[in-house]
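Let me begin by handing over the structure; questions about it come next.
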Amino acid sequence: MEGAAIDYHLFSQFLISGIIMGILYCLMSMGINFIYGIMKVINWSMGEFFMIGAYVQYLLITYIIGPQFWFAGILIAAFVVFVLGAVVQQLLIRPMFVGIIEAKMEYATIVTISLAIFLRNMAVLIGGPYIYTPPDYAGPTQLLTLPISGNRMVGLVGALIILGIFYYFIKKTWSGKAFQGVAQNRSGVQTAGVNVLKYDTLAFGLGTALAGAGGALLAPIFLVHPMCGLVPTVRGFEIIVIAGLGSIPGILIAGLSLGIAESLGSAFINPSFVDIYGFILLVIVLLIKPYGLFGKPERAV
Amino acid sequence: MQDKRTPFLDVKNIVKKFGGLVANNNVNLQIGKGEIRGLIGPNGSGKTTLINVITGIYEPENGGIYFAGKRIDGLQADVIASMGIMRTFQVARVFRDMTVLENMLIPAFCQGQSRKEAVGRAEELLDFALLTRLKDTQAKSLSGGQNMLLQIVRGFMNRSLQLYVMDEPFAGVHQSIKGIILKSIKMMNDEKGVTFLIISHEMPTVSTLCDKVTVLAKGELIAEGTMEEIANEPQVIDAYLGG
Amino acid sequence: MNLLNLKIFGLLAVVAVALVLPVGLSEYWQYVLTVSFFYAIMAASWNLLGGYTGQFSLAQHTFGMIGAYTSALLMDKAGAPLWITIPAAVVLTMILSLILGIICLRVAGLYLALITWAFAEVVRNYSRMHYTFTGGDRGLDAPLIFGTLQPTPYYYFFLGLTILVVAFIYVLMRSRIGFYLRSIRDDAIAARSMGVNIVRYKVLAFIVASGIAGLAGAFYGHSIGLISPVLGDFNEMAMIIIFVVIGGMRTQAGPVVGAIAVRITMELLREQSEIRIIILSALVIIIMRFFNGGLMELVRRVRKLFGRDREPVSAYQD
């Protein structure tokens, strides 16, 4: 590449690839952010719900509904994870809000981290330390200048659809607005008759379902194994740190930036350590704005 | 030596905003040394905000606060505490996992008192407050009223206490505890000349306790004077009834 | 025998046993205990920062790793002897944690966890990426302190270090600094209003906790001979949290007891590597949800049951 002008074609390919990955990672961040918005809790086990979604999808298309119905599988997997998330919330998180638990933040962090470890090891115990490969969702295709696998295309379109539906739900439907209300003014909304605890459970279920849908959707890309949720988790949290908690458009911007940074970094600097580029971006952002680009500062003393 | 004409606590043109909401709108207040001043007003009138500005929890957008002639707005809460200004919170903020005695020691340690000194004084104060049997109990086991009392006597551990700002010290508190609180305020005022600024909704108590009363409504100061004087002012009546 | 004498006697008994233990123990188990001591120190130092002061950092293991790498690299690249590399490792760790601590001042609770998490990941990735310097995933050789692979000298060394660290933290938490730290955790705003310099003590907690981790990590590196970025894995941090919770957060003995007990249990269950972790993580969840005190709380309640019921209920437990 010395002396030559940047190959725009190549550059655009990497750019598009980065954008795709960025959008895929945003699914996780949306889930994390949504749960945080409602309950002010960071769920460190999101990656494991992603993994469960992937496993459920694999089981569905391999043994139950067949590979041609993969799109139905994603919905079913998302629903299964939703239920699981709701149950977990009822058992473990809800006590925080009905006066049983004292040190809330500490509790939430320790419990969700432990849950992550628990689920991950359960997966190894039940399914074995194997990597399962689901069949491709679609054949190779092309997006603008970039030839991509069918899975990526499906992943991209699927993620955009899910994000779109989620956005519509939050902004335009009554329930969505109720969620917004709970996030903005928990006690105020209670006096207006909203059953906050019910919304907590739904929110947690919904947030984890986003991760589960992501896992099912991206199963052919990330493959299905106990650790398959790790990378999405790391990316998901990176995006949250860069964007700051509380801003949906911020997440999209941060997600795209992360994806692009990774893609261009791997392409033009060094492909062996994809991980580092996102973190360089993260460090730069944090030095300027510790709450993230769009984060809302909580009053720290 | 402090000039008699200079108010002990001088709140000048304080403006405090939260986004679009103006919680304190050009509030002016002067308190003389040794006074017990009441701060009253309907809910949402900016009382708590004002004392948060005074004690360094908030920084005002505009205006200044002077304590014994020194400017204190914008200073951190711990610096203000070291200057002899203590405060209590509307919802009692005690150190829940620490014992009652340990709670008492904190302000003393901050002042550099030795442990022996501090424990001695703490036990005295706890005795006065009838909390002695609870001294080794974790604060989280105490009732709300007991915690309010703990908050208050904890502040008295500051040996150089000159101004004590209290936010609703009597709210929801049992009669007997209220009695102790009143006794301690009067004692500190008489014996040590501590100045008090007290927010309260309990008019009868404010009436007997406070020398003068300042009335806030919707972020502004609308009246000031003795209880009798302000009780009949139309804007005060209006503020409470009008809402 | 009053309570204090009982505690002192108990403590001395434990130490005496620990001193004599290697005689009857296989080399393998001496090694296991040595590693447990290292984790005990890591757990105790995190308890100081995350438990007592309430700053839930997710980068404690990272400072151990930084200590290990600094010492090993200084020895490797600059030929410096141990008595220089160890203090240098501690100093570097403290400087880095000072920066991190100051950044974290401006953010509250959850953000602190996020930022320290990010810091941990950055450092881990860096050590993997810059492999020509750090040895990357292949690892870095760290010359052994005692020049031998015999575990016994390391056992005593780490036992001594653990006792020193525990004693230090004990004295610290008994002092007024300990009071300030606990008050910050309980209610930072109230603490500030009482005159506590929040900034100074929050940062102090960071520096001290990290310095201890760096010290332990540096020695640990020179005890196992090979260090790698695995030391910075999130899993290491999760284990530290597990040790502290099972042993009892915000107690003096909890982190140490937790680390040693859990590590021994893990060794005993060597064969079932998933089951042991499943049990542990489930145990942590159950403790947090229902019991919240860990082993030390259990001990306290048992003691209470046997009649010692007018014990002072300070959250600050010995």
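Labels A, B and C are assigned to the chains in the order they are written; within every chain, residues are numbered from 1.
By definition in this document, a contact is a pair of C-beta atoms (placed from the backbone, for glycine too) under 8 Å apart; a residue touches a chain by one contact, two chains touch by 3 or more.
This structure is a prediction, so every number in the text was calculated from the model and none was measured.
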item: Longest centre-to-centre distance from chain A, chain (CA-based); value: B
item: Centrality ranking, top chain (CA atoms only); value: C
item: Computed distance of Cα centres, chain C from chain B, in Å; value: 42
item: Whole-Å gap between the CA centroids of chain A and chain C; value: 32
item: Chain centre separation in whole Å, for chain B relative to chain A (CA means); value: 48
item: Sites on chain C at which at least two other chains make contact; value: 189, 192, 198
item: Chain B, residues touching no fewer than two other chains; value: 96
item: Where chain A touches two or more other chains, by residue; value: 102
item: In the complex with chain A, residue positions of chain C that touch it; value: 50, 54, 56, 103, 105-111, 113-115, 117-118, 121-122, 125-126, 128-129, 188-189, 192, 198, 235, 238, 241-242, 245, 274-275, 277-278, 281-282, 284-285, 288-289, 292
item: List of chain C residues in touch with chain B within their complex; value: 176, 179-180, 182-183, 185-187, 189-198, 250, 312-316
item: Touch list for chain A against partner chain C, complex; value: 36, 40-42, 91-92, 95, 101-102, 105-107, 109-111, 113-115, 117-118, 121-122, 124-125, 234, 237-238, 240-241, 245, 270, 272-273, 275-276, 279, 282-283, 286, 290-291, 295, 297-301
item: Partner chain C, residues of chain B touching it in the complex; value: 55-57, 76-78, 81-82, 86-87, 89, 93-99, 102, 105-107, 109-111, 115, 136-138, 141, 154-155, 158
